[in-house]
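One chain, chain A, links the two complexes that follow: it is found with chain B in the first and with chain C in the second.
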Partner chain A sequence: MLHRRVFQFFIVYLLGIGLLFGIKLALNLSDYVIPGPTGVWHTGQAEFSRYMGDVLDTFAVAVIGQVLSILMALGVGVAGRRATWFGSFIKVAAYNVQAYPIVAIAPILFILLGDGFLTRLFIAAMICYFPLLLSVIGIMSEPVVDIEHFYRVTGRLRWQLEVKIRAFENLHKLTTVISGSATLAMAGTIVAEFIAANAGIGYSIRIALYQSDLSKILVALFIIGITLSLYQGILELLGAGLKKAWAAG
Partner chain B sequence: MKTRLAFPRITAWILLCVVGSSLISADPALAKEKIAYRLKWLINASTAGDVFALDHGFFSEQGMDVAVKAGGPERDAVRELELGYAQFGVASADQVIRALAKGASVVVLAQLFQVNPLQWIYRADDFSLTRIQDLAGRTVGITYGGNDATIMRALLATVGMDEHQVRLASVRYDYTPFFQNQVTIWPVYRNTQGIFLSDKLAAGGERVAFFDPSEHGVRFVANSVVTSTQMMDHHPQRVGRFTRALLAGWQAAMAPANESAVIRAVAKYDRDTSEAVMRRQLTATRQMIQPDPDIPIGHIDATAWQQTEQIMIRQGLISGPVNVIGRLRRHHAP
Partner chain C sequence: MIACRDITFRYPGAEAPLFDGLDVTIDKPGFHALFGPSGVGKTTLAKIISGDIDNFTGQVEAIGGMRCLYTYNRERLPGWSSVGRHLEKTTPPGRQLLRDEFINHFGLAKLMGMRYSQLSMGQCNRVNLLRYLLQDFSILIMDESLANVDEPTRQTILYKIKSIFPKAGFLYISHNVVEVARFCDQIVVFRGAHQSPQTCRINGQDHREDRPLDKTALERSMLEIMHAA
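So, the complex of A and B:
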């Protein structure tokens, strides 16, 4: 599963970069507009270790942000799964808050939390949280009629059991959503670093943009992509292992 | 019967008029040349001459239909020239030099700012910065990767100061660290943000002063008008007409007598700045566009360009000389 993810990423990245080089060649563009393969290679050699450190820094924040989001989404999703006034309120709030662009909220966070770790974490969690919440609400509010019916008529269906049944029956969906949210958490952290931080790969990308250095950005994208592919692969493996263990237990 | 005949006649006349007018407008002798002009930043007092030239028909007089496009952090006029999205643009000197170092073909037509508006603001009651050495031990804001970082490093280097003798702090568009006195020396565009920040602090009873690198020997060139070498070689007349119209627009915009008209032109695009603030922004801009009446607007300061190139080489921002002097076009008076 892991090597397939990495292999697929290589295909996507090479196709993308190949397209850029193709455009450069076809339009006879200078290295200022699109860098050449040697330029990207040299930049990669010069910046790889520094950017790798930056990506790992970003990644650490993204993982913490994602874990927080998962916990919050599960908590609120379970609370909001019923067709009650509170359940519908949670859904409406989730939809509305998701509509606010993070660039508008970031300056407020910046004033409240400064430009350090907390701002990055908060923005990562915000970007990652709402899609997760909507998926969790969707899964948790869908009854598994065949199984729940038995427990319901025998009067043994408590809310914990209801949540367990629904989670188990939708484990594949949940794993996919959580794995997908890793991308959102990473993207959220990078956005946060771009607009309100002094560390991480988003901050380095901002500096590269100031210097009009596309080679650096291509190198950064490569490291971000490979890190995310590995992480998503690991999450999928964990999901598969969890399902197997749960089914056996 | 008459009514039935009238309808096809009217239709025929309308068609004739439409076809005729499109043929007239398609005549290259009568049609105006369409030009895209990409600015460096959003439209404000720093682009007064650009919008004034547009609004007061300076381009039209030269037979040009110019679209003045606002810039921004992700906009790069030099890239747009090469990709054909714009025919003329405004770029900072470091942008031009970086582009030349990477093989871009770009020509500098005019230097809009004779004094770089990028300066540092500080509270005049807390300390004074009369020498570069006065920066020692203070928290100085810079945008890492930005040209303010390059200028600050060049300033420190001129007096042999180490970067560690000052506390460099990363800044961005949010001024909170300056208002809270966490960063005491903050980079601003003196003619725009500088005015607004002065007002904010004055409201709280605080006076400000500015630290101008050019007064300490660092003349890092700011916004300049550029085009591609291809445009220069193949359409020199067009380049000449554009430059003339633009510089005439700037000349008129900087005349104090036209101040109200200029404010009206800028205010069409910059709706968030009050007329009073814009008036003071224009006064500051005037001093930077033409600090010396003997030097014409648009004059290219070759020495400053050379110094900018040298600074960039010394800081490793480019790997070697790009002969920027060879890319400066002598200025044509409007």
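So, the complex of A and C:
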């Protein structure tokens, strides 16, 4: 699972960078527009440690934001699973808010909260919260009739048991959604840093952009990709382990 | 025991009602059957009696003081614990001996450490029926609950149920005419929505372990059921 994720990333990254070098060769572009392989390699050697620190900084914010989103989505999703007015309200609100590009309100947050840790965290959490919430609500509001019937007719179906049954039956979906939301959290944090923050890999990419240094951007993308692939692979492994442990009692 | 009067029911989106003024009466406890081809409304009536369907018109009276339970053959147990652990947790206090007796008679003793997903379909059916038999009920509706169980085991189970619950009411839904004619007391035969009356009642042999089986009477019951259907 883990090695497959990393392998897939390498293929995509190499294809992308190969395409860039192909364009450079085909159009005879200068190193200023698209640097050559040696230029990228030298930049990688020079900037790897600093960019790695930046990526880990961004990653830490993304993980905290994702964990907060998961907790909020589980809480609200469980509360909104019923066909009550509250459940319907939560669903409609989630669908509507999710349809709005959250990143568009990022400048407001920067104005109100400044360009520090809290703003990055808030944007990361908000970007991955609504898709997570929709998935959790979808899973939690769908009865597993063939299992729940017995508990319902014998008066044993408490909400905790209902949630447990639905979570267990949809564990694969839940872990896939959580694993996928890691990308959203990371993207949210980088976007926040890119817009106005003063730390993280998004901030470094912004500086590289102002310097028109594509090598630095390619090195940053490589470290972001490898970190995210490892993290998603670990999440998937954890999900599979959890299911195995749960099923083994 | 069960009286359904003037039941009219139509599934949402259906052109015609499934039941139109249906009357069904089972007048005493015991082991009874709902019989008929697929799609005539056996399961629907069972769900109306048990309260799983409530958007019908008419009256349903189920007498007995306790609840009416409906079980069907596609039910599953949660996958996070073994069959034995699940049965332990769902057995009401004071019924542990009955549970162990059923486990032995149903041929399930060796399966207690296994997960539900590891069982065969027949084993799943038996485990599911067993947990319902341990609950409080005055009427238990068994919708093809022994559909995948082999004949000798099915026979053992039915004899056991009849001997343990002489005062309870059972409604057994099955497509096996021999089984229904042999083991059931009153058989409600469904004739389809376009026929009048929609159902008719045939007397079965209500066979028990300690009684000889009258094969001629059994054949007569089978013929009556087939003729009615």
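Heads up, the rule we're going with is that the second predicted complex is superposed on the first by the 247 of 249 C-alpha atoms of A that agree within 3 Å, B and C clash if a C-alpha of one lies under 4 Å from a C-alpha of the other, contacts with A are read in each partner's own complex, and residues count from 1 in each chain.
In the analysis below, contacts are C-beta pairs under 8 Å (C-beta built on N, C-alpha and C of every residue); 3 or more make two chains touch, one makes a residue touch a chain.
Because the structure is predicted, anything quoted here is derived from the model rather than measured.
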Clash-or-fit label for the pair chain B, chain C on chain A: fit
First (chain B), second (chain C), both or neither touched by A:F21: neither
A:N198 touches, of chain B and chain C: first, second, both or neither? first
First (chain B), second (chain C), both or neither touched by A:A247: second
First, second, both or neither for A:Y32, with chain B first and chain C second: first
Contacts of A:F117 with chain B and chain C, given as first, second, both or neither: neither
First (chain B), second (chain C), both or neither touched by A:F150: second
Residue contacts on chain A - larger count, chain B or chain C: B
First (chain B), second (chain C), both or neither touched by A:A208: first
Contacts of A:F10 with chain B and chain C, given as first, second, both or neither: neither
Per-pair minimum CA distance [chain C against chain B, superposed on A] in Å: 53
Contacting residues of chain C [partner chain A, same complex]: 50, 52, 67, 69-72, 74-82, 85, 90, 115, 128, 131-132, 135
Contacting residues of chain A [partner chain C, same complex]: 146-147, 149-150, 153-154, 156, 164-165, 168-169, 246-247, 249
Parts of chain A lying in touch with chain B, wherever the complex brings them together: 27, 29-33, 35, 39, 107, 110-111, 115, 195-196, 198, 203, 206-212
In the complex with chain A, residue positions of chain B that touch it: 73-74, 76, 78-79, 82-83, 95, 98-99, 101-105, 143-146, 170, 172, 174, 176, 317
